[in-house]
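The next part holds the structures, each set out as structure tokens.
Presented sequentially are two complexes of chain A, the first with chain B as partner and the second with chain C.
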Partner chain A sequence: MNFSLQLLSGLAVGCIYSLVAVGFSMVYRAMGLVNFAQGDLMMIGAFIGYSIIVNLPGLPFWLVVPLAAAITACLGYAVAQSALWPAMQRGASQTYLVLLTLGIGIILSNGARLVWGANPLVYPIPLTHETLRIWDYPVPAVYPFIALTMVALIAGLNVLFTRTWIGLSLRAAADDAQTASVMGVNHRLASAISFALAAGIGAAAGVLYAPITFVSADMGMIGIKAFAAAVLGSLGSIPGSVIGGFVIGIGETLGGQLVSSEYQDSLAFLLMIGILLIKPTGLMGRKG
Partner chain B sequence: MNPSSAGDRSEIDRPKLLQVCQIHVSYVAGVDVVHGVSLDVNLGEVVCLLGRNGAGKTTLIKALCGLLPVNSGQLTFDGTSLLGVRPAEIVAAGIAVVPEGRRVFSNLTVAENLAMGAYSRRNGLGPSWRFDRAYDLFPRLAERRTQLAGTLSGGEQQMLAMARALMAQPRLLLLDEPSMGLAPLLINLIFDTINRLAMNGMTVLLVEQNATAALDIADRAYVLERGTIVKSGLAGSLERDSEIQRSYLGV
Partner chain C sequence: MPASRSESVSYSNANASQAILRTVDLGVSFGGHQAVNAVSTSFHGGALTAIVGPNGAGKTTYFNLISGQIAASQGEVWLSSENVTALSVSQRARKGLGRAFQLTNLFPRLSVLENIRLVAQSMQSGRHHHGFDFWRIWSDAADLIEHATDILRSVSMAAQLGDPVATLSHGDQRKLEVAMLIAMNPTVYMFDEPTAGMSADEVPVVLDLIRDLKTHSHKTILLVEHKMDVVRDLADRIVVLHNGQLVADGEPAEVINSDIVQEAYLGTRGGARRGLM
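Presenting the complex of A and B:
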């Protein structure tokens, strides 16, 4: 029946939401701000992926993902260093910082419209149209890429954050920036690296999402759903963001199937509201 | 406790490790919290800084580890000026701090906290995770190595904050109110440990409100009031000072 196919598609889109949500949580932990440009950084990543595919036609898709992620991470680093850090240093309140990230998002999406045009683009690679047969159902051929990248990224982040100096210093600075700086951690650099990592992860999600949809300057709207995923999983918790992404992804796909696909977007937010009503601190939230 | 041992240690002529000369420190421009403080810490000494809440003790400590800028005056560590030097370079030069309120990284495990203490001495990609000396000093931490630091008791967090500071292999250890909020038994343990470190040659600048315990292990002491040093001398003589007894020792 159709159910397993829907479940697979929910899982795939859940991976995308998860990755973008992880970016929300990382920046929230590291800089204490909700970065509403996260979805637009994902969109930029998808466009950069498009340009890489067009300019380097022979490059295998599994190399396009990290390349686009690295370029977007550099962009994220520049945004953090040039716009966010100076504002934080001058003691900008949360409201202004959120507005600042919204503004950055608008610049990014309009910038993308200028560079890549207003028309939606399709990745000119076979992967866009190819399907695999799983249990006799046709499934987009990009799904295994999504699953593998998801697993590799989460495993990689886990090693980074628990085994390496750089990851430990990012977590320590996120916990208590002043004390971390007394240990020798450069807070500004740690914030910018966290922001860049989040942008890179978002970009990877964008490149992976592109073959099952199309690339457009409005793609950043996904960021809102990913934000809902991060919040219902407890903003700031990376496992929570992953779980939240799957809850939203699977919930909206199956729910859309049961009710009507027109309500798919509303269902995502209904899920968030429902979960927060039952557990106000989110799925991974602590008491108090 | 052998009171003569502290006296013996201070009688040897020692080189100056930390020299603070007429420094002014402020949080907000124009409002000095510390004004014109001068003090010395000699190699191998335990120096205690007494003072009430708001006297400027923590402000001074923050200036020493580079968290607050020094507006004027001189700050020298082992012959090198610390003025305008960033916290990362100060810890690398050999000054480690046990901050007021412990400030352990609560979302990191005990072992990860210790690793962060050694951040200034990092090499390679990641920490080695061999913290034998820290675990020998506080065996309790070894039992709790995989536990999140935020779940430790106050006393255990204080042990962790001390062990973490020692991971930097400092030549000068700054301790800001290590006994704050601890049960008497744990206060004894903490002061015994400071004393043991001092016996092994560690130089210590200890900020305390618990004057009795602090003067017991210190060689010399300074009294800070409203941002200036109002009294200084050998710990033993300050302990007998009637004014100190009245204001700080509750006699």
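Presenting the complex of A and C:
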């Protein structure tokens, strides 16, 4: 029974990693860029969620998620347009761009400390403390909420990419930016929208994760594990990122139970290394 | 190479004011090397102009300058009566410059129909903001889907609508590229070696498509091509580039027979003329 509960916990954490990993893959596909600020955008989203809850106490939690995501997406759009695109246009190397995103992440983290303080914050909502009874064991009530929101977000992304005008433009620009430009697609706009969407999805993950932990400026460190999940699934593949997130989430939770929770982080990366040794292209990657 | 622009066959600057596309002193240099050197010429509607020259003559670079892939160091590009020199690639495309590349440039992860749809939607303006409409779903645009399907029928690819582009043969990918240009409905078609890498039986299919465009669309068509039989077959006019300079410009027979072209293209005079023809 304990194993089943750990599995549920791993699935919930896996949902969070998956969403942040999807953001990594979207930006990588659209801009050819590993965005190490993705975890910090998730953290900012969680803090914005906190501010919304505090300032609009009557607002249902299910509305806090899209609101925080939308505000963070606007921030992401501004970051892409003002910092990343100009650097890419000037032919910045990958090393420079990675350092740039790391720098943006550090600025976001310090900015969060400045605005919300250095002490960890807890969402002042009942959902933070409520539990459900599954097999007579207490399970955080936010778990089903995390799962449902994750499914809705991935389904929404699928509709966006396959059924809408903007989705087709984004897929085309991610496929071949030069050809897309020649065919009239504004690559700069496509990149900025992809970055904004990734930031918004990260923020949603942050708001969903907050009730099972607390919100702090260091929360962005989750981004490293989410990056591992994206690489494990094959960076650039959205289905791969989802699968990678679950593998890391479930693997570290169950592994932590079997060995010790102290070694959870190491176990997550050992899992990534082991799988990439067997399949270097990632779970969903193909050779060539 | 004694050729200079003063020796060249003069053709292009007559009626420049009626030109669909004009380049004025257009040039670019890379690290001291003048890849394209002050090329001034104009292109008119209803005519196919072949741009020829030896390897490294600057043909593709000249194309890149016109379509905006490379920023010009000097000169201007005019489309109809508008100076488009400062515009981005996508802005020039929406103004009417339709470009196909030397290597096939398609979206391999999208289906055949999606490739055409993408072009059709990105050419939409106004509230759709060039295909970036969050609230617009494709099933609402039956007219555009029908239009895209019609274009695929016209290039005999209707049966491959749903196929991923990555699975198409090289010849079919070239056909699809022409179909995408047709979907753009540009003012100027720019083909850069459209038959490169194609098998002998695939070449006539693409040439027929270009010939159809020339006959029925009355658009301005530019063609960079190495194969002189293709040039003789399709071109109404030939522009010759050599070392980045425009060295000849005129009717095909006149240009091919000129001494300046014999020397620029073949490095010989007189005796090699038969080989070029």
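Here, the second predicted complex is superposed on the first by the 288 of 288 C-alpha atoms of A that agree within 3 Å, B and C clash if a C-alpha of one lies under 4 Å from a C-alpha of the other, contacts with A are read in each partner's own complex, and residues count from 1 in each chain.
By our rule, a contact is a pair of C-beta atoms (placed from the backbone, for glycine too) under 8 Å apart; a residue touches a chain by one contact, two chains touch by 3 or more.
Computed from a prediction, not measured in an experiment: that's the story for all the values here.
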### Message
Using the superposition on chain A, tell me whether chain B and chain C clash or fit.
### Response
clash
### Query
Does chain B (first) or chain C (second) touch A:Q94, or do both, or does neither?
neither
### Message
So in the superposed three-chain picture, is A:S4 touching just chain B, just chain C, both, or none of them (first/second/both/neither)?
### Response
neither
### Message
Contact-wise, after the overlay, does A:N158 reach chain B, chain C, both or neither (first, second, both, neither)?
### Response
neither
### Task
Tell me which partner A:L189 touches in the superposition: chain B (first), chain C (second), both or neither.
second
#### Entry: Touching partner for A:S260 - first (chain B), second (chain C), both, neither
neither
### Query
Can you list the residues of chain A that touch chain B in one structure and chain C in the other?
163-165, 168-169, 171-172, 175-176, 178-186
## Note on the structure
Residue positions on chain A within touch of chain C in the complex are 163-166, 168-169, 171-172, 175-176, 178-187, 189-190, 193
### Task
Using the touch definition up top, name the residues of chain C that touch chain A in the complex.
67, 69, 88-90, 93-94, 99, 101, 105-110, 114, 117-119, 121-123, 128, 130-134, 136-139, 141, 180, 184
### Message
Give the list of chain A residues in touch with chain B in this complex.
### Response
162-165, 168-169, 171-172, 174-176, 178-186
### Query
Which positions of chain B touch chain A when the two form their complex?
65-67, 87-88, 91-92, 96-97, 99, 103, 105-108, 112, 115-117, 119-120, 122, 124-127, 164, 168
